Amino acid sequence: MTPIIFGLLVEAALHTVVISGVSIVIGFLIGMCVSAARLSSNRAFAIPARVFVSFFRGVPLLVQLLLIYNLLPVIGINVPSVVAAVVGLSLCTAAYQAENLRGGFASVPRGLLEAADMAGLTHFQQLVRIRVPIAFRLTLPSLVNEAILILKASSLVSVVGVIELTRMAQNLDTSLYEPLQLYSAAGLLYFIINRALALAGTAAERRWNWGRA
Amino acid sequence: MSEPAIVVRRLTKRFGDTDVLHEIDLEVAEGQATCVIGPSGSGKSTLLRCLAFLEEADAGTIEVHGEPLGFVEDAAGRRARLPPQRIRAVRKQIGMVFQQFNLWPHMTALGNVSEALKTVRHLPRAEAEARATAQLRKIGLENRAGHYPAQLSGGQQQRVAIARALALEPKIMLFDEATASLDPELTGEVLNVMRALAADGMTMVIVTHEIGFAASIGRKIAFLDKGRVLLAGAPQDVFRKPRHPRIDQFLDTYLDRGAAMLI
Amino acid sequence: MELGARVRFDYALVASKLPEIFQALGITLYTWILGLAGACALGFLVAVARRYGPRPLDLALGAYVELFRGTPFLIQLFLLYFGGPYAGLSLDAIPAGLLGLSVYGAAYFSEIFRGGFEAVPRGHVEAGECVGLSRAQIIGRILLPEMTMLVLPASVNMAIILMKETAVLSVVTVPELTLTISAIGTEFYAFVECLFLLALFYWGLTEICGWLGRMGEARLARFRFAAA
């Protein structure tokens, strides 16, 4: 494999990182809303949130991507395939992240909020100053895990024609006939990015350890 | 004698079908320590949590310095909940110390003590931290200001929690089993801080298992059993022989925890 | 544009496709169950080999586990299906899919089993050694039964993940549900509707799977004390 070919794969890997990164962030924001709805005592919020989580966790991502990619034009939204891919990845990761966040919020000890209550913090201040920082810290390991999963899952957006690492390897293979080298190189790039993500996650966990050993 | 700091009348709290508190009457005198003792499940913590308005009672009233806390009742027993700002105004006078410390783990000792000064009192950061530092100095933990709760011993954590409550200058301090989750060798430092507060004339309600401590610090002891005040009065009256059989039975269980000195 | 207006199901045509759909369902279930069994068995062997085998074997298998957990299933599948012939391994779509699923799933299962082995208290094994059980007997009579309960929730979860991964096999032309129904959708100009039904179908399948798993856990919960 020539350096030029490898350079093309690295460039495509950057697309993979951007697509996954954007999806993770959007998915986190949607996941926040869904977990809030899920924890709501109002059933009009809680039940749709449950259905959302169950559906996007229960259906293969490939089917979701194909569905969204083909559904958007039908309902009159014409966007590039990369947008459809990001929408699909975001919705899927949102469902998983919502469950993680729900667990994180449920694990914030009640007493910490009672102490805040006694100190006179309003409900909103309690949310911003106590609940969110602690829940976020508690879910940090699963957030990193989710980022790694989405990075791997993003290879499926190649199926709807988005040019990222997997699709680039496929395209190059059709003219070069070097599947072993190309797919190994692509796999290695995925592996390196995942390793870097895992290391960054560990570093972040150590950085925000709040004095724990 | 001056007007009592807290007056509890016919306070009842139910969880399901059981009365955890049954028509409790209690007066807490201004500038004194009142200790609430009793077996596990007698309702002492629930009573304290009602005084903090962390639990809402089902019947009866609480008055703090003459102001109703949470609910008012008319002569016919009809209850009305007061608007939130009136509840907040009364609760501002009350500080609470928990069995589990409940320090916020993501803030340093200084951060814990200065948090409400910044977010609730809206003091400038520098002033809030100066006040918090002064408060930490009082409990002898000024040199631990930058430590996170996880880096402090249990006794130190509880002292920071006391400083956190005192920083807001409450008129009344509530202590819910403040030493119950500490190793025996660490209870002393916390009890000493509480003793110093009592000597300063702080109005305190102390729920505790440390009978010896209660007898020595409490100007009044209330003995709770099955959600009722079985006996209330000066320590010498409550513990004088012949004692109520329930108190005798209770003391037998706790003899090894410093009650021997009373007998 | 009205979504409903675009639904043009011709039920006679759909009926004519039913045998094809049932066959595709059969292939989905077949690849899933065989792939799951393969992944489970292989993962177990890897976990045992890493625990009891020589150190170089442990390192080599550790590298395999990390590589296969760190790369997308689709890449692994491409490597096997398109790259395989260049390395002297020519497989048809279905065998390639089965092998791919097994090797991919085994990396995860080996970690689940490893965690299970480690979660069994040492004292239980030592007690077995003290009464003279052989290593095989200790594995078969002590570790395995205790582990089963410990690894069940994670295994059910993994089984559901593998079920969803079978859809990826459509990309290498395994004629399973996703491929077949997409093809029917294209043929009838009812792609979205068909995909929606497909999604509902998978959703039902994973829900049933999760429900069965929870039932199994509840049944085994009464043995929990043994693992405590």
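Things worth noting here:
Here the chain labels run A, B and C in written order, and each chain numbers its own residues starting at 1.
As a working rule, a contact is a pair of C-beta atoms (placed from the backbone, for glycine too) under 8 Å apart; a residue touches a chain by one contact, two chains touch by 3 or more.
Because the structure is a prediction, the values reported are computed rather than measured.
Centroid distances from subunit A, each centroid being the mean of CA atoms, peak for B. With centres taken as mean C-alpha coordinates, the chain found closest to the middle of all protein C-alpha atoms is A. Annotation: 46 Å between the Cα-based centres of subunit A and subunit B. Our note on geometry: subunit B versus subunit C, Cα centroid distance of 56 Å, whole angstroms.
Measuring from the averaged C-alpha position of subunit A to that of subunit C gives a distance of 22 Å. Touching of two or more other chains is recorded for no residue of subunit C. Of all residues in subunit A, only 109, 111-112, 114-121, 125, 129-130, 133-134, 137, 208, 210-212 touch subunit B in the complex they form. Listing the residues of subunit B that touch subunit A in their complex gives 52, 54, 88, 91-92, 94-96, 98, 100, 102-106, 115-116, 119-120, 147-151, 161, 164-165, 168. Note for the complex: subunit A touches subunit C at residues 54-55, 57-64, 66-67, 70-71, 74-76, 148, 152-156, 158-159, 166, 169-170, 173, 179-180, 183-184, 186-187, 190-191, 194-195. Note for the complex: subunit C touches subunit A at residues 1, 3, 6, 66-67, 70-76, 78-79, 82-83, 86-87, 160, 164-168, 170-171, 178, 182, 191-192, 195-196, 198-199, 202-203, 206-207, 210.
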